[in-house]
Amino acid sequence: MMQLTAFPVLLPLVAGFILLFARMGGLKLQRALNLLITIGLIFVSIEMLKVASTGAQEVYLSGNWAAPFGIVFVLDRLSALMVFMTAILALGSLWYAIATNYDAKGSHFHVLFQLQVFGLNGAFMTGDLFNLFVFFEVMLLASYGLLLHGGGRLRTKAGLHYVVINMIGATLFLFAVGALYGATGTMNIADMANKVADAPAEYRGLIAAAGLLLLVVFGIKAAMFPLYLWLPTAYANTSAPVAALFAIMTKVGIYSIIRAHGTLFGDDAGDLAFYYAPWVLGLGIITLALAALGVLAARGLREQVAYLVLASVATLLIGVGIATPAAVSATVYYMVHSTLIAGGMFLLADIIARGRCDTDDRFESSPIMANGVLIGSAFMFGAVAMTGMPPLSGFFGKMLILGAALEHQWLAAVFAVVLIASLLSIVAMARSGSLLFYRTQPSEQAPGEPLNKSAFVAVVALFATAPIMIIFAHPITAYTDLIAAQVFDAASYIDAVLSAPATERK
Amino acid sequence: MLEFILSLLILIGAFFTLVGSIGLYKLPDFYMRLHGPTKATTLGVGAILIASAVFFTVRGEGISLHELLVTVFLFITAPVSAHLMAKAALHIKTKRLERTQSSLSQE
Amino acid sequence: MEWLVAIVIGVMTSAGVYLTLRARTFPVVLGLTLLAYSANVFLFAMGRLTIGQPAVIDAAAAGYGDPLPQALVLTAIVIAFGMTAFLIVLALKARSELGNDHVDGLHRSHDEQETKQ
Amino acid sequence: MLDIVIPIAFAMVSVALFLSLYRVIIGPELPDRILALDTLYINSIALLILLGLHLGSALYFEAALLIAVMGFVGTVALSKYLLRGDIME
Amino acid sequence: MMLKRVLPHPILSFILWIAWLLLNNTVDPGHMVLGAILAIFIPWFTAAFWPEKIKVQKPAVLAKFFAVVLWDIMVANFAVAKLILGRNDKLQPGFFEVPLEITTPIGISILANTISLTPGTVSCDLSPDQTKLIIHALHIDDQAQMIADIKQRYERPLKEVFVPC
Amino acid sequence: MSLLAFNLPIVALLPFVGAALAAWASRFHRVASAWVSAGITVLALAFLAPAISIPFAGETLIQSWAWMPSIGLDFAFRLDGLALLFALLILVIGLLIIIYARYYLSTKDSMGRFFAYLMMFMGSMLGIVLSENLLQLVVFWELTSLSSFLLISYWQHRQDARHGARMALAITGAGGLALLGGVLLLGHVVGSYNLTDVLAAGDMIKNHELYLPILVLILLGVFTKSAQFPFHFWLPHAMAAPTPVSAYLHSATMVKAGIFLLARFFPALSGTPEWTWIVGTAGLLTFMIGAYTAMFKHDLKGLLAYSTISHLGLITLLFGFGTQMAAVAAIFHIINHATFKASLFMVAGIIDHETGTRDMRKLSGLLKYMPHTAVLAMIAAAAMAGVPLMNGFLSKEMFFEQAVFATETSAWAWAIPVLVTLAAIFSVAYSLRFIHDVFFNGEPKDLPKVPHEPPRFMKIPVDLLVVICLAVGILPMFTVAPILAVAVAGTLQATPPEYSLSIWHGFNLPLVMSMLALALGVGVYMIRERLYKLHDQILGRVDARVGYNALLNATLTLSLSVTRRFDKGSLQHASVWVIGAGLVAGVIGFMTVDAPLFGDRATLPIDAASLTAAIVLIAATIMTVLVHRQRFLSLISIGVVGLIIALGFVKFSAPDLALTQLSVEIVTIVMLLLALYFLPQITPKEVSKLRLGRDGVIAVITGIGVTLMTMAVLTRDFAPISEFFLENSVPGGGGTNVVNVILVDFRGIDTLAEIVVLALAGLGIYAMLEGMKLPARDRDAQGRLWNPDTHPAIMQTLTRLLLPLMLLVAVFIFLRGHNLPGGGFIAGLIASVALIVQYLANGIDWTSDRLKVDMHTVIAYGLLIGTGTGLVSIAIGFPFLTSTFEYLTWPVVGKFEVASAIAFDIGVFLVVVGATVLSLVQLGKLSRASHDYAAQQEKN
């Protein structure tokens, strides 16, 4: 067994209490430690990618108890990628928070931050359904704190809605895992998949109901219609670094559907094989349609970006709902793109709002901002990436998903909605870009803040994803194909988990 | 014999528990109702606890006196809670039975 | 007995749902608390009901209850506790920031009277 | 004899439980209800100990102890609220 | 002196030690040692919460007091049971004050509790200057006699046991 | 390696490098970016040069690398005749435009930005025409939309520029997306996205059931880009761009991209009735509408814009005929149109540049001020009008021939030549207007500037193009023939048909049509004033943009109403959806599979005590709902609920749960009370009965659903994994309390994460409460002042004893946890409650003064110990949280167990205490701050 497998979970946990101790040492110490740990996390996740790239499915038996009795962490291609993505996004967000002094606007930013990563990585690594619930809650509580960090009227209201919806979600989660346990007698995903496959007919209605209930839970996180109402206000009203970090939150939902539903209701599940997929697809299509309208209807840039995030998640849902290896490969490709770009875009929106002073991010004309050409170019870049225009990776992700939809019987609906939604986003972003950067007034008011160059670095770094994903599209799609292949080979996942031996005691 | 004592204790306990609640149920004002639970219920539960102590002690797994601790605890806390509830009731001027006598200096 | 427990869970769920759908923070907190109760009891019941058979290893025991749901529920209770505590304080925060306790922060005449008091 | 006595005791305590519940619901005033809740807590101890006697298990003791403690704390907090509003000032 | 430092509150320590053995239902030597450790450690740890010394004199009086109270509780309960189960309209409830001679807080508290646990009386409030206890009685035949009984049976011994220091 | 192995991508990508260089170069000198751009263009031509011979040899050059092989996207380039023709047009005309623009732009305009955009655009166009892979083609296609957006909005301070740019982006972007859809379908049908395969699979495509969708989607791309009716209206608005941009975009590039695509897909898609109908109709209508409208534009560029539309319609119509000869004519006209339209735009730019206006009502008699320009304009306009000896004449002649030929295809097709002639008449008229109105027709009126000839280098590009117009018109066989031949071959992917490029074909119907058009065109021009009036009264009010704006506004309105209606910022609304979704999911799930709702497992009998407890619980639950508006009261009733649940846990053999439930319950109630002090005491009645009814129905249905789901499980047997825990708890975990062993050992990670949740709650609460202020109420809901006795003495005295006692109990519960009900969590809560009691009895200040421990540190130590226990096992080579235990025997003490799980449990204990007390103390501080705040308000 490889100890490395536990590191993405342990490192942020250790960071959590170290940073708590470091409270005494002041903000500078916490910043330095947090940066150090986050960079460390990137190295760890690169190592993990290396291990996973061999196709190995490393199973970590926490407490040295074999599955399904103990809780296992599973390192495979998909989880390694998720952890890697989280680390990158975390670094960008953290860097920005430090550069803009956001972390000083309240207590415990750094602790909450690392424990958020702990929750995220735990959710990505765990092979146990109830443990997933627990990590969801860790992730959520940390996110509550982060969301509210800095305070303010709208932020508090958004936070309240976010918390309540997620608490309802937690209840649903318990009902779902409870029913699944009641039907299968286990909590380990791999073991449960075996039990589902073997379940006699009279248990299947129960399992199907619990499975869909679980889908609703993940749907809340993944912002699936009609469960996404928490998202626009939460993303639009929290601070930029937090919004950026939250870009990964919706992906936890997507990931969980792929991992849990994909394994439990995979090819071997008999009449329940992929029974959830049409729902994901259909609701994804509706979400995308509504998201596109939301992008158009947004009153400010942050809200617009939030709806763009919604649109991107909806596109991912469509990919998941198509439920073929090609679609999952496309989904993963698009997920990496949309997560990191959305993160950068939230940061950029904040830079723009700061540069515009009084008008903030509202779509009103305002004086020319400092470094307008640079920021405008960045905006253009981000807009192109997020709306899925060529030549950036968003286009390729969308294209891959559409390509995967070609074999699906709902081809027409998918094409129509994806393409029209893209168009509406393009129209909306062209409008907002032209409002923000072109329709400037001669300056009488005090100009906004000058560009914070060091904060801008974070935007550039996250935006660099797009060209990288284009230039290295060949190896990256090859890797996402392998991810999809591994995801669809549920049998090998199940076998790896259930056959991992405990370490012999001397 | 032992079983008889046990039964007696249990019955006394249950009886007083019931009496306390009957008082709570039927007495006409809060201050009067307070007396039932404060005394009767406390004693009733105490009796049952002692029955339990006896039962588990004689069952042969060694003495079992920890129920006494609960009993003592109840006897310490019951009057304190009663005191606080009554103080609160007096403060918010909870209605009292009309014929209640009062020789209080401040009212 | 199973029906009794199931009905109790159902009643708590109903009450929880109803209160969660109220417009003020306080009843919402109560509603979520009830929902958490019902979810916990549900999860617990998923190990099936046993009487007089605790999950404590004992040579004399006739049998054991299912310990796993118990452990899970314990975790769930703690988590719900943390969440509820957070929500309670968040309700205060909302009251402080929004000036009233409506979940959407709406101003109502009632609030203004409340604040004046 | 215990086989007869314990069910009887159960019945009596159950009735007590109902009577206390009646006060919780009917009140009429807040102190009545606090008192009734307090009584319910203590009734529950009786019920638990009876259950322990019935099943011959000593495992319910901690629960009884905790009910006693928590019931007290609850009553104190609720009463203090009526008195001062701010229970931890 | 050493003892003082190790056992700032010997009575408390003793109570805790006994409580520990009771809790564990045992006189196992291991638990006696552990209990002793706790009996020393917990008072030391909570010393800050015990600012004033409690001085107990005449433990015999205290013991007798507890015996009397226990007896009274028994009797009181039968009396109260009769009152409760009887007709409501025969009850003559009332409030009255008991002027206090005892001054130590612990003494007052024990007195108030005793009153609450015994015949048909509940202590409802303590006057702000801590000189009067307000009592509610379920049934008053003779108020003066009741006050006298309380002072005689409970206050006097308590006054002897708990002296201000 | 030979240059021919990789030069095509270099040609396409060089301009992008050039864009960056141009932007960068402008830092050094104003015109540096122009020369960089020109240099890059020449360089691109140089890279293209070695490959030119290949199409002429009848071969196709393909350079391909795998890019996203899984979807069939290759990085693949292709050079055949068609691609070569377009690449040359793009590069050569581009070069001329660059030279022209260097003089055209004023000192106020940013050269760097302009040339960067222009080069991006050039690269995108080259990418389109050189793409072998269709997906890659779409990428470049959309890039032209983007870069044209930037070019059109170049003068961003002008509203018409911004609007025009956005409209162009919306229309062409939409077309691009449709094209993407079409190409994906096409690739799906063919099994490859490579043009070589697609062009070879024409018959298969045309017979496929997806042919029509593919055709329509691709044509949407074509028509939007090439400004075909009904998408033509964006093009005139794009005239807000600087004139060099218009000259480039609307002669040889942007709009020709659509035409290029028609040509590109000609072998694969043409020749069907659908093709003829759609393409032909669009082309014909566009041709006519453009020609007609151009006549009535008073703006020079407006005239040229509609003329462009008209000529694009002409070319489209030719492709629509679907014959090989028509394709030849189309390709020929593409070349001709590029030359004369580029020159005309440049002329218009010169006039604008030198006079300050483009309004033909002001411009007149410029001949004497700028004779050279006038000559150039006249030749180019003549070409546009199809005057003999000009290149336009030749291709128009071929066009007429095809129109006549088309009459054979269907019964009413006689209309085609008539309509075509009609359009041609207007073409002649507007061409005439361009010349006569501007250069003759009296003296100029109120010109902003005194007109004169432009700088020499501004005219050179026009000179060159006009020479080409003449050369081709007079000597087609020696000029255009070779490139036309290879381009046609590339288009048809076959040997071109026989055609003749001679000027004189004899006196035939096409010639009659030409002459008729010329003659009547002059006539129309003569009566122009009357036509203007007529037009203004009738058709002048028709604006195709109205439809676009209406659609746009409708979409906006729809988006607003849908978004505001669904995402209305209401929590209740969101909650209803979530709960409803859960309900629906459960019901649908059950119905997915045909299985009975209940199983046949035997159930336990109901006993009286359980029934009692259940009734109490249900009654209290219902009461909680009924009295929820009286908040304090609802706290009491929920207290009953919690208590009975704890009893239930005891009843059903879960003492640990009972202990936990009891402790949590009280702490929760205390927190709720603390909060309630700052909240309204009553929930107002503010919701309609209808809403209450709806919520009630949802609530009841949900409750029934949950009940049924519970029964569905409880009436079925199962084989849980728990046997393992029961068997291994003692030998493997060293504890008899299996629940605790699961928590601290088997599933230690759960517990570790769970205490992180608690820690987070504590820290989050701490952060939230920092600096918060709320008014402290000085009286209760009934308006009574609070009792002055802050800390009742009797409570104070007696609760003091509770602290050590409860701590003792906490230790007791903690230590026995591993073997009997209890454990770190419950112990932690008991210890917390012990402290809470002190706070209740003695107040925040008193207690905090005595509790000098920083709870942050307690939490940190708790996490440290909990995690540290697990890390130790890693250090000795076991997985995280592997537990170990040992039985020790000491004198006096006897045998006792030491387990690592106990250390873990200490961590749990500390976090629970730390988080709980931290939250409460912070809440208490809120109250102090509020009292201070209230006092201060009093003072003021």
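Going in written order, the chains are labelled A, B, C, D, E and F, and every chain counts its residues from 1.
We take it that a residue touches a chain if its C-beta (ideal position, glycine included) is under 8 Å from a C-beta of that chain, and two chains touch if they have at least 3 such contacts.
Chain labels with UniProt names: B, D = Cation:proton antiporter.
The shown structure was predicted, so the numbers you read here are calculated from the model rather than taken from an experiment.
*Asks:* Chains touching chain D and chain E alike, please list them.
*Replies:* Under the touch definition, chain D and chain E have B, F as mutual neighbours.
*Asks:* Just to be sure I understand: going only through chains that touch, what's the smallest number of steps from chain A to chain E?
*Replies:* Contact-graph shortest path, chain A to chain E, evaluates to 2.
*Asks:* What chain sits nearest the middle when you go by CA atom centres?
*Replies:* That would be chain A.
*Asks:* In terms of C-beta pairs in contact, which of E-F and D-F ranks higher?
*Replies:* Looking at E-F and D-F side by side, D-F shows more C-beta contacts.
*Asks:* Calculate how many whole Å lie between the centre of chain A and the centre of chain C, each centre taken as the average of the chain's C-alpha atoms.
*Replies:* So the centre of chain A lies 28 Å away from the centre of chain C.
*Asks:* For chain C and chain D, what's the span in angstrom between their mean Cα positions?
*Replies:* 21
*Asks:* Please compute the C-alpha centroid of chain A, do the same for chain F, then give the distance between them in whole Å.
*Replies:* One centre to the other, that is 16 Å.
*Asks:* Determine the centre-to-centre distance between chain A and chain D, using the mean Cα coordinates as centres, and give it in whole Å.
*Replies:* About 48 Å separates the centre of chain A from that of chain D.
*Asks:* What parts of chain D, by residue number, touch at least two of the other chains?
*Replies:* As it turns out, chain D has residues touching two or more other chains at 10, 17, 30, 34, 59, 65, 69, 76, 80, 82-83.
*Asks:* Would you pick out the residues of chain A that each touch at least 2 other chains?
*Replies:* As it turns out, chain A has residues touching two or more other chains at 130, 134, 137, 141, 144, 148, 151, 160-161, 164, 168, 175, 178-179, 181-182.
*Asks:* Hey, what residues on chain C touch two or more of the other chains?
*Replies:* Residue numbers touching two or more other chains: 20, 25, 28, 38, 40, 42, 45-47, 51-52, 54, 56, 68, 72, 75, 79-80, 82-83, 86, 90-91, 93, 103-104.
*Asks:* According to the definition already given, which pairs of chains are in contact?
*Replies:* So, checking each combination of chains, I get A-C, A-F, B-D, B-E, B-F, C-D, C-F, D-F, E-F as the touching pairs.
*Asks:* In the complex of these two chains, what residues of chain B are touching chain D?
*Replies:* It comes out as residues 3-4, 6-7, 10-11, 13-15, 17-18, 20-22, 24-25, 30, 33-34, 36-37, 41-42, 44-45, 48-49, 51-52, 55-56, 59, 64, 66-67, 69-70, 73-74, 77-78, 80-81, 84-89, 91-92, 94-95.
*Asks:* Where on chain A is chain C touching in the complex?
*Replies:* Listed in rising order, the residues of chain A that touch chain C are 130, 133-134, 137, 140-141, 144, 148, 151-153, 156-157, 159-161, 163-164, 167-168, 170-171, 174-175, 177-179, 181-182, 187.
*Asks:* Under the touch definition given earlier, write down the residues of chain E that touch chain B in their complex.
*Replies:* Touch list, chain E to chain B: 19, 22-26, 73-74, 76-77, 80-81, 83-85, 88, 91-97, 112-118, 120, 122-125, 132, 134, 136, 138, 140, 143.
*Asks:* Which of the residues in chain F end up touching chain C in this complex?
*Replies:* That would be residues 569-572, 575-576, 579, 603-607, 610-611, 614, 617-618, 621-622, 624-625, 628-629, 631, 634-635, 638, 641-642, 645, 648-649, 651-657, 660-661, 664, 667-668, 671-672, 674-676, 678-680, 683-684, 686-687, 695-696, 698-700, 702-708, 710-711, 713-715, 718, 720-722, 725-726, 729-730, 736-739, 742-743, 746-747, 750-751, 754-755, 757-758, 760-761, 764-765, 768-769, 772-775, 777, 779, 783, 819-821, 825, 915-916, 919, 923, 926 of chain F.
*Asks:* If you look only at chain C, which of its residues touch chain A in the complex?
*Replies:* 16, 20, 25, 28, 32, 35-36, 38-40, 42-43, 45-47, 68-69, 72, 75-76, 79-80, 82-83, 86-87, 90-91, 93-94, 97-98, 103-105
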